[in-house]
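Input: structures, listed below.
Next, two complexes with chain A in common: one pairs it with chain B, the other with chain C.
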Partner chain A sequence: MSVEDISVADATDRARVDRLRAAIHMILITVGPVIAALALGGLILIALNVNPLEYYAYTLRRGLFSPTGLQATLTRMGPLLLIAASLIVAFRAGIWNLGGDGQFLLGAVIVAASAPLMTAFMPVWLVLALCMVMGAALGALWSVVPALLRAYHGVNEIITTLMMSFLGVSLANVLVKLAFLDPSTTTPQTRTLPVDDRLPRLFGTTTSSGLIIGLVTIIIVHLMMTRTAFGLKLRVVGANAKAAVHAGLHVPLLTVAVFAISAALTGLAGAVDILGTQGNVRADWNPAYSLMVVPLVFLARFNGFGTIAFVFLFSVLSIGGESAARKLGVPNYFSLVVVAILLIVFGLTEYLEQRRQTIARK
Partner chain B sequence: MASSSAPRVAAAGPVVSLRNVTKRFPGVVANDRVTIDIMPGEVHVLLGENGAGKSTLVGMLSGLQKPDEGEIVIDGMPVDISSPRQALDLGIGTVFQHSMLVPSLSLVDNFALGGAWWRRPDREGLARRIGEQATSIGIRIDPFALAGDLSLGEQQQVEIVRALMRGTRCLILDEATAMLTPRDAEQLGELMRRLVKRGIAIVFITHKLNEALAYGDRISVLRLGRNAGALGPEALAAADNHDAMAEVVRMMFGSAASEHTRGERRPLPAASELRTVLEATNLSVDDKSVPLSAISFAVGAGEIFGIAGIDGNGQKQLAEVLAGQRPIAGGQIALNGADIGRMTVGERRNRGLRYVTDDRLGEGTVAAFPVSTNLLLKQIGDVRFWTRGLERPAAIADHARKHVSEYDVRTPGIETPVGKLSGGNIQKVVLARELSGSAEAVIFSKPTYGLDVQNIRTSRRRIQEAADFGRAVLLISTDLEEILELADRIAVISQGKLVGTIANDSEARQKVGEMMSGIAQ
Partner chain C sequence: MGLFTEAFLTSLVVGAVAAGIPLLLAGLGEQLSEKAGVLNIGLEGMMLVGAYCGFLASFLTGSPALGFLAGAGGGAVVAAIMAILCVRLGLNQIVIGIALTLGAEGMTSLLHYVQFSKTYPRLDAVETTAIPLLSQLPVLGDAFFNRPPVVYFALIMVGVMIYLYRSTHLGAALQAAGDKPAALDAAGVDVIATRSFAVLGAGLFAGLGGAFMAIVGAGIFVPFMTHGNGFIGIVLAMLARGKPLWVLFGALLFGASLSMTTALQVAGVDIPTDIIQMLPFAMVMLVLVLAGRKASLPLALGSSYVRGAR
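Up next, the complex of A and B:
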């Protein structure tokens, strides 16, 4: 800190230059790793005897630059954004809710089982609204055990949520095969919600309005965590639980609230995926979105807007990657490999960045 | 493994000598030209208050820290002890207050831990050698018992055996009796006497004077990092116990006449005329390490009530139960006559009870959060700064700027994460948060712990001012100088009980010293 007097104009000038430099720096350490990760992924593709340029070009064409691909990408973003919102609430509050897959599937199954039956005696908008509430409620319900164990007995929630997730995925399958089976088909699946009764599409495209639900939710969650007293309390608990006790916050109650909100959002994601895209749940269906979104949320450092960008990138890669897989024989999950490399490169960048700062301080 | 053949007293010279050793930490001189000779066949007791520099001395002998100046001489040769392993190789073994054994492993496996990783430990042979070593010093150990099943006293015996098996000639027992039951402490004392008969040198660090006199051959006293005096074997043998104790207390706490440095205070009305603000009646708290029982005191408006005592005697528990961070087991806490013993932290704060914690970064602040947020950490959701739960950035920033300038917090900005500030400035942030607004009673827990001289002075001035504004101040501190400087009345806490309350007059130093050392009850 300089103690000497500097004129106000100088100060503002310097502040502006500093801000600009900080912005450029920010872009460099955000975009740089993405390019590096794509390059490293390219090396792996070369090892697989696939031309990386061809793969990336095809992926981009099918995921981003073709109308149907882009619409599929945007539709896929809806549930992913809701899951990301769920994770942001949990992670910022220091709760590692990794049981999203179970919460997602249970929300999806209950909606897939009820929606086609409810349409018989209810207007569509009411069915959609009720189904979303049901999905959220079931997701939240599935987090009660880990929440109480964590809040009142300090049991590590990573273990309990993962365990509950296995149970939840299995239970969802059992429900599809035994309880909610569609009698009119031979494949084991639930009844199918007619396309007309699904979430409305946007502007005459095939993009589901689930995208809007996801975008609105994640922005609300971001603002809640960064701008409200409630969000600040959750962040205090997450950053330093002892300080939260010292400050008089009711840590167990807040912990339960975090679990409820987080799991409800994941359950909602399941509901939106069914109501907007899938229409039914086939037996043994498990897209495992929730664990895929975890690295994206980390990459964005729990920032809602950053997460939107990463979810978009990931959706492009995964939609395009699915087509590229069929065309070029690269496994479907190669998009996950790219995300994993990206995560590692970001980790390295952060490490180097911190070293640079400590050296600069000295 | 120079084990069963006990080292003989070869030469009369010291085993280990410290010569003018100085060790500095940022802002403090922990050891200032300390000179001590450790003779074979003697129990050398090291006495001193918290912060007198004993731990630093042990740290340098056991290879955890290196002296800045001066030298450590072993067998007449200056040595450089750069690691704990090297200290062991030089024959210096340390047994710390807390057990260093792995509780889930058997003793044999604990002993085998330092061995080469590719070699299968010879458990039978090792067990035999442990048994022999233990028998030779007159204790019994089952080498296949789990370390965690042993009492603390037994674990220490095991660690002594381990140190001897590694060829230790100079054994350091760092506050070894602090956690022991009286019976275990007595056994340890007897063991020490047996060991020195075999020519081993023992450095015994304790707070308890009666132990020092019962087991020690020689006593050195440290005070504020310097040699404050020593009693040799002749002097100890000649003086009767009571004289020796008085002499040691004088060395430890300074002479009453020369150093009584109580600040300028306005005269307080007699205790009976003060309006009682904070009162504890027969308070008790359950705790695994130090339960509190039968704690009663009253602090009046404008009074500073000091609680002195050696660290770890229930200070933390007392502060936390008063602030509402831990449940009360019995008794009452009253603030301005109203029972607050079962209220939440927030309700107590609203009634004017404030708590300045000693754990500034651990619980007092959230390191990664900005200064502005930390200043409001206990008021999240307050309508002045959050409208219907939505933050008002301008109000929060105004509040922060006001407090930063009022309390002279040196920070690059109010958005700077508090963890980036120095300890003194973090303390200022905490003080600003706790002392502003309508405080009625303030609990200070070790308010100057770990601060530099400048910030110690600032913090003490704030404590003084709080009392001058008519607040009831409870000053819990392990620094006796601080209590003597600030307090109107002084109580001593020992093993979860208050062992007496006295006025801070000219004899306070002697009396408190005696109560802290376990002489007077």
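Up next, the complex of A and C:
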């Protein structure tokens, strides 16, 4: 077949096939690692003497196909989406903010300490709004030192944010046990925000409106990073900080801004978790969400909409997994292993993908 | 001040060495890996696996020496995964580092849950070997010279590493692998092999450090027991600017702040443990704020080497 034989119709056909192939390919490299990770996780379950099919079926049943489970899943998505948004801002700008746990807990503790007291003086909507601002502000405050060290001294932020995270988790515990203790109970915990004063529930279900906050935030963040000049600047800094300097960007200032936004979103996640779900902070409570969300954001290639899908999947596994932990005796540590496998399989997929592209180019 | 009695100082220095040895080993390992250009965020995971394997072997055989070997081996196994993925295939060192730490946390906790969560067995205390005369010194004697042999081994490794970096071909190759891998390649030395060696070495050190925490320090394995020691080890390597002796000083400094609890209790001061737990991390941040800009890292740190790629 010579070149002249290709009609216009053929060309559009081929374009359509190419597009379809690209779409299938995209699905394969995003869904493939998830399936592979779940399969490898299944091998570990077999080693633990648990039937993996039974485990995953039970997890799905409790996390997705039961009304209470689904509502719990959707509620959990709220804070997780905010953490994901926080990571998207940071990662797209080339900043490794791994100190999420400290930022999250401090945001949670300050809100848990203040909200029950504030309801006496002001309307609930104002309490909720102020508390979310407080949580975000404290989260951001906790990133100031790593931000300045990175922006002006070039100190690796992975280490500093992790150190601040360890500090923040301990400080949150100190605050709960020594400063904000609920005097009316012997359990070491903060005062509890009454259910009526929490974030409103959606459409008569038990799903918290934290879900809406999370969804709106991650979409705004996605649009900010992809459609605005500010987002473009951040991405330039992330892609090549040296080039960004030559392009006339004030890199240190932008770096500090990234830390502030990212940490504020994680602090907000802590606030939303308290205002929507928990109502108080118990001593030594640390859900340690932030590192779990890292692979989800990577799998979605920092795309906000893709991230929503992965956060949903993870929430199903996490809520269902908690039931399965009690029922089938598989402790929650299992999800840590699955997340780790997911990250490694993701890395391998990226590797194969790059090799395929290099070969295709030759 | 009545705080600085000999009893207080002795318990502080004894504690500093006990808590400092795992940091020293982790720091020496990370330094080796970073020198060759591999940022090893998985160090915490390697320590944890070392702690678990060390505890298990020591518990099953009753021999601490076998425990230390198993711990170092466990750390090296995790390091081997890192070497394959990050050095040979060139995957992102940070992503894989996080994955290995999370995976190690999950796996060791699962294994502990299955085997020991009902019994929580303890190990016997490890016997010390006193060095004649030196162990009689006031304050320092018990801390440095009346210890299990593994402590002397760790201290000797500082000297070994100094010699390795200063006076051997391998040391020069490691340095080049971190600063200008293409030059090393041109000189006919295998960059991938050099870096893999460094990563495996880091795993051995970190695993031994973890095993020390389980066998000598705690006498028990509990999930997440390394509690950030691996990350402090990374900070030590960052601040030590390639010098093993600085890792030792840093490890003793941070070890002292880790062991403050016991020392203050000896002195009769009562501070909640949560506040005490913040001390080492606060100390790390303080040191980073004061000396952070002086931390120097190899030029090619964190980037994988692909032959022929620019």
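The rule is simple: the second predicted complex is superposed on the first by the 348 of 362 C-alpha atoms of A that agree within 3 Å, B and C clash if a C-alpha of one lies under 4 Å from a C-alpha of the other, contacts with A are read in each partner's own complex, and residues count from 1 in each chain.
We take it that a residue touches a chain if its C-beta (ideal position, glycine included) is under 8 Å from a C-beta of that chain, and two chains touch if they have at least 3 such contacts.
Note that this is a predicted model, so its numbers are computed, not measured.
Participant: Contact-wise, after the overlay, does A:246 reach chain B, chain C, both or neither (first, second, both, neither)?
Facilitator: In the superposed model, A:246 contacts chain B only, not chain C.
Participant: Output check: A:232 vs chain B and chain C. Expected answer is one of first, second, both, neither. What do you get?
Facilitator: first
Participant: Is A:185 touching anything from chain B or chain C once the two structures are fitted on A? First, second, both or neither.
Facilitator: A:185 contacts neither chain B nor chain C.
Participant: With both complexes superposed on chain A, which partner does A:68 reach: first (chain B), second (chain C), both or neither?
Facilitator: Neither partner.
Participant: Have a look and say if chain B or chain C is in touch with more residues of chain A.
Facilitator: Result: the larger residue contact count on chain A belongs to C.
Participant: For A:51, select first, second, both or neither according to whether it touches chain B, chain C, the two together, or no partner.
Facilitator: neither
Participant: Tell me which partner A:96 touches in the superposition: chain B (first), chain C (second), both or neither.
Facilitator: Only chain C; A:96 stays clear of chain B.
Participant: Looking at A:357 after the superposition, I want to know if it touches chain B, chain C, both of them or none. Which is it: first, second, both, neither?
Facilitator: In the superposition, A:357 contacts neither chain B nor chain C.
Participant: Under the stated touch criterion, which partner chain does A:166 make contact with: chain B (first), chain C (second), both, or neither?
Facilitator: Once the two structures are laid over each other on A, A:166 reaches chain C alone.
Participant: In the complex formed with chain A, which residues of chain B make contact?
Facilitator: That would be residues 323-325, 344-346, 349, 355, 357, 359, 362-369, 373, 377-378, 380-381, 386, 389-391, 410, 412 of chain B.
Participant: Okay, in this complex, where on chain C does chain A touch?
Facilitator: Where chain C meets chain A, its residues are 41, 85, 89-92, 94-96, 98-100, 102-107, 109-110, 113-114, 223, 227-228, 231, 234-235, 238, 272, 274-275, 277-278, 281-282, 284-285, 288-289, 292-293, 295, 297.
Participant: In the complex of these two chains, what residues of chain A are touching chain C?
Facilitator: Those residues of chain A that touch chain C are 44, 48, 96, 98, 145, 149, 153-156, 158-160, 162-164, 166-167, 170-171, 173-174, 177-178, 291, 294-295, 298, 331, 333-341, 343-344, 346-348, 350-351.
Participant: With touch defined as at the start, can you tell me which chain A residues reach chain B in the complex?
Facilitator: For chain A paired with chain B, touching residues are 1, 227-230, 232-233, 235-236, 239-240, 242-243, 245-250.
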